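A short write-up of the structure that comes next.
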């Protein structure tokens, strides 16, 4: 059952009975430990990817910059997403994995609070991907950011969610 | 030739000779009128999509919320992307198009300045997509945001760029 | 008795004994569920008001933009008001009512915390009003925003406050 | 004629032909020196007003805090008002005048740019008023903020505007 | 023993096993009342210092502006310091003391949370010092900000820390 | 002659005739290319310094995090310093140099605008230093940040300033 189970019958929880956007009331929800993992992928031309992967220091700074931007982006989530509740993040970790056709990005966020932390994890991977785009855009304008999605979620009434393997 | 043409030989422009991240110097660049168009797509389950599309007011607020979040996100670009220059945006427009399997998002940003405005357009579509995700996530956890890419760019030394049709 | 009852004898609670501004210490206060409702009114010329009220889509976006700005403004309260404590908002709802001479704005904010949430509700109506002003200012420069006030407050030591009907 | 004169016939300039909110394009506008003066008034109970007015240091800090909050608020205008363009403020001055029934607030903002600066001046007085409210709210919950309006505007195609004396 | 005692053997806690920056997980830590006091000193030329110290109102506004900037800076700490957790500040107090060769700055911050509040106190004194610099820089370019350090800390596993007198 | 030469006789430029803080009017100033270099030093215990200096990846991320925080901090300067004008930064570069007793930090900022850019350079070194403190504080609580000062400045009416060698 969904964490926002009332949505099942009523439809979109972020709209009230008149269809107006509001920040849903979470004051009755239990305070539980929550975790979310999100993913993204950015395709990058092989020669640019090679530039990032080779050489010790440049690699450090390109990837470090993206990791830090993702972490800082997670902290700005409720500033960016209009109906998102502010949450006290207890940890964020952004992982970057250079693959054949681009870089796989993953973010794991944790909190102890009354509402889920998916948006923080999704914002972290999005901002990390945009930062990689920014750093490589002078060399490759054909980059595409995609596969931004929730991989895992736990905590709250809805229990554990794991993305189906074939999704 | 690239707007940051010196990158062609040196590699990643956002790293200095030691491989350290820095905000590149644009003070010698000409002030020109610049435009960028970016795109994204979010897949949404058909029944949730139907909920957004049907009914007058809810549709207004869901899509309006995403449009506004995208516009406001564009204004926060240089706060989010570490090495991005602050730019005086002269216009931002976010367009949402409900399609069979999801919503196509497009953003056009304009400025008159010394550096390109791609990141603002890309940030606008990313934040609009994340906002749609947030508003629908109680109904569909399988949504995927993808195809975030630059469609068009003009202004600056590099001239006009249009994404190849088959890319 | 006031939530900051010690102010009764000492005067302004946000000043210390030397008259210097400081953020008052709330660490001894109980964590309680708190709610505040604030109101505002913006006078708008009848023909402009008619433009907002008539037509389905424009109405949606003008009012939706103001509602969302109010909600996002509430989340920025402690960034704007120097001595205001950061608070974990558990819900915000902004309501707009088109009346004969303008638009009545109301905001209800809730939290579970150690200090009151009036400023968040007051900031929400103020930012919503400023946003309406911004969207209509090309048509009417004589708009006036007024009647920004607290309508209701509950939670904390001071108990329930309801604005007297004739105030 | 309005600075956004095309609005005269088309209606609300912040909505496009489909009624969707967008940030209007100012890239064709001339860069001119622009100024705006906005006003507000906050009614405060006489005994609280006396506390603010009497005593040297407290007065300094209450009024100084409100002045600084107003100036800083002006700098955040485009973060708060969704369709407002970011502007390079060249000066902001907030003036507070203790009167019989409250405090009159005035803000003058200047810029050299492509769009008007009314919203910065209006945001300055609004944030200054909210800050006074915050500092006095433990002593007086009946305060009302009102008369937030544009007093003067110059620069841009629309020329000089001065609020009619009887408005 | 340190609050982050595991660091003793492992080294830098903000880096994971691969040496990548992350926001450390505090979700297992106890929620305790925490306090930190930080200090700074800014040297200012005697004649400029005399200008600040003499005259009632100017003194009020220069020092008030720095105090308020310090308080507001403390609230922005987790926005500025990449790996810093957001914390619900329960109080901040900034104290300025005009001395013979400059101004001594002190900040005391308190919270009830899962992680320490040193960075908020250190950010408060740093921003207050930078604000004093900004206000005096037209008269004295030789100012130096120094002695930014932790004076006291309590709460959390590591217990009380007081800076050695001779440090 | 000072860039704010009128300050010579009048005293503190950020206060008006009544001693009230305001953002000084720069609209009459010429738009010139401006540069500022600021410095800071953070003392760190030798064993912690060795941890940062040794090992390839950790070093990359600790120093990269501080560099990026400094750059991003420079972009937030006018948000943090109450009377500071917003400026379109055209470049920022933060340099870290591991020395015997700590890390020397330097930042060079450039803009083309109507007012100086010292505060951006000083904010960059301050935030970079605070970030180093944050990352090392579990290992060394005795760190001291100092010697935050302007090393060089050019552009504007006041011409070139270079800090005297013995200052």
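All chains are identified by letter, namely A, B, C, D, E and F, in their written order; residue positions are counted from 1 within each chain.
FYI, a residue touches a chain if its C-beta (ideal position, glycine included) is under 8 Å from a C-beta of that chain, and two chains touch if they have at least 3 such contacts.
The structure displayed is predicted, hence computed values, not measured ones.
Separation of chain B from chain D in touch steps, taking the shortest path, is 1.
Identification of common neighbours of chain D and chain F yields B, E.
Most remote from chain C, judged by the distance between CA-atom centroids, is F.
Chains compared, chain A against chain D: the Cα-based superposition rotates one onto the other by 180 degrees, nearest 5. For B-D, the equivalent interface among the listed pairs B-C, D-F or A-F is D-F, as over half of the contact pairs agree by residue number. If each chain is reduced to the centroid of its CA atoms, chain E and chain F end up 16 Å from each other. Taking each chain's centre as the mean of its C-alpha atoms, chain D lies 32 Å from chain E.
Touching of two or more other chains is recorded for residues 20-21, 56-57, 60-61, 64-65, 67-69, 72, 76, 79, 82-83, 88 of chain F.
Taken pairwise by the contact criterion, the protein chains fit none of the simple patterns, being neither a path, a ring, a star nor fully connected.
Every residue of chain F that touches chain E in the complex is listed here, in rising order: 2-4, 7-8, 11-15, 18-21, 51-52, 55-62, 64-65, 68-69, 72-73, 76, 79-84, 118-119, 122-123, 126-127, 129-131, 133-139, 141-150, 153, 161, 163-164, 167.
Those residues of chain B whose C-beta lies close enough to touch chain D in the complex are 33, 63-64, 67-68, 71-72, 75-76, 88-95, 110-112. In the complex of the two chains, the chain E residues touching chain D come out as 56-57, 60-61, 64-65, 67-69, 72.
Against chain A, in their complex, chain E makes its touches with residues 16, 20-27, 78-79, 82-83, 85-88, 113-114.
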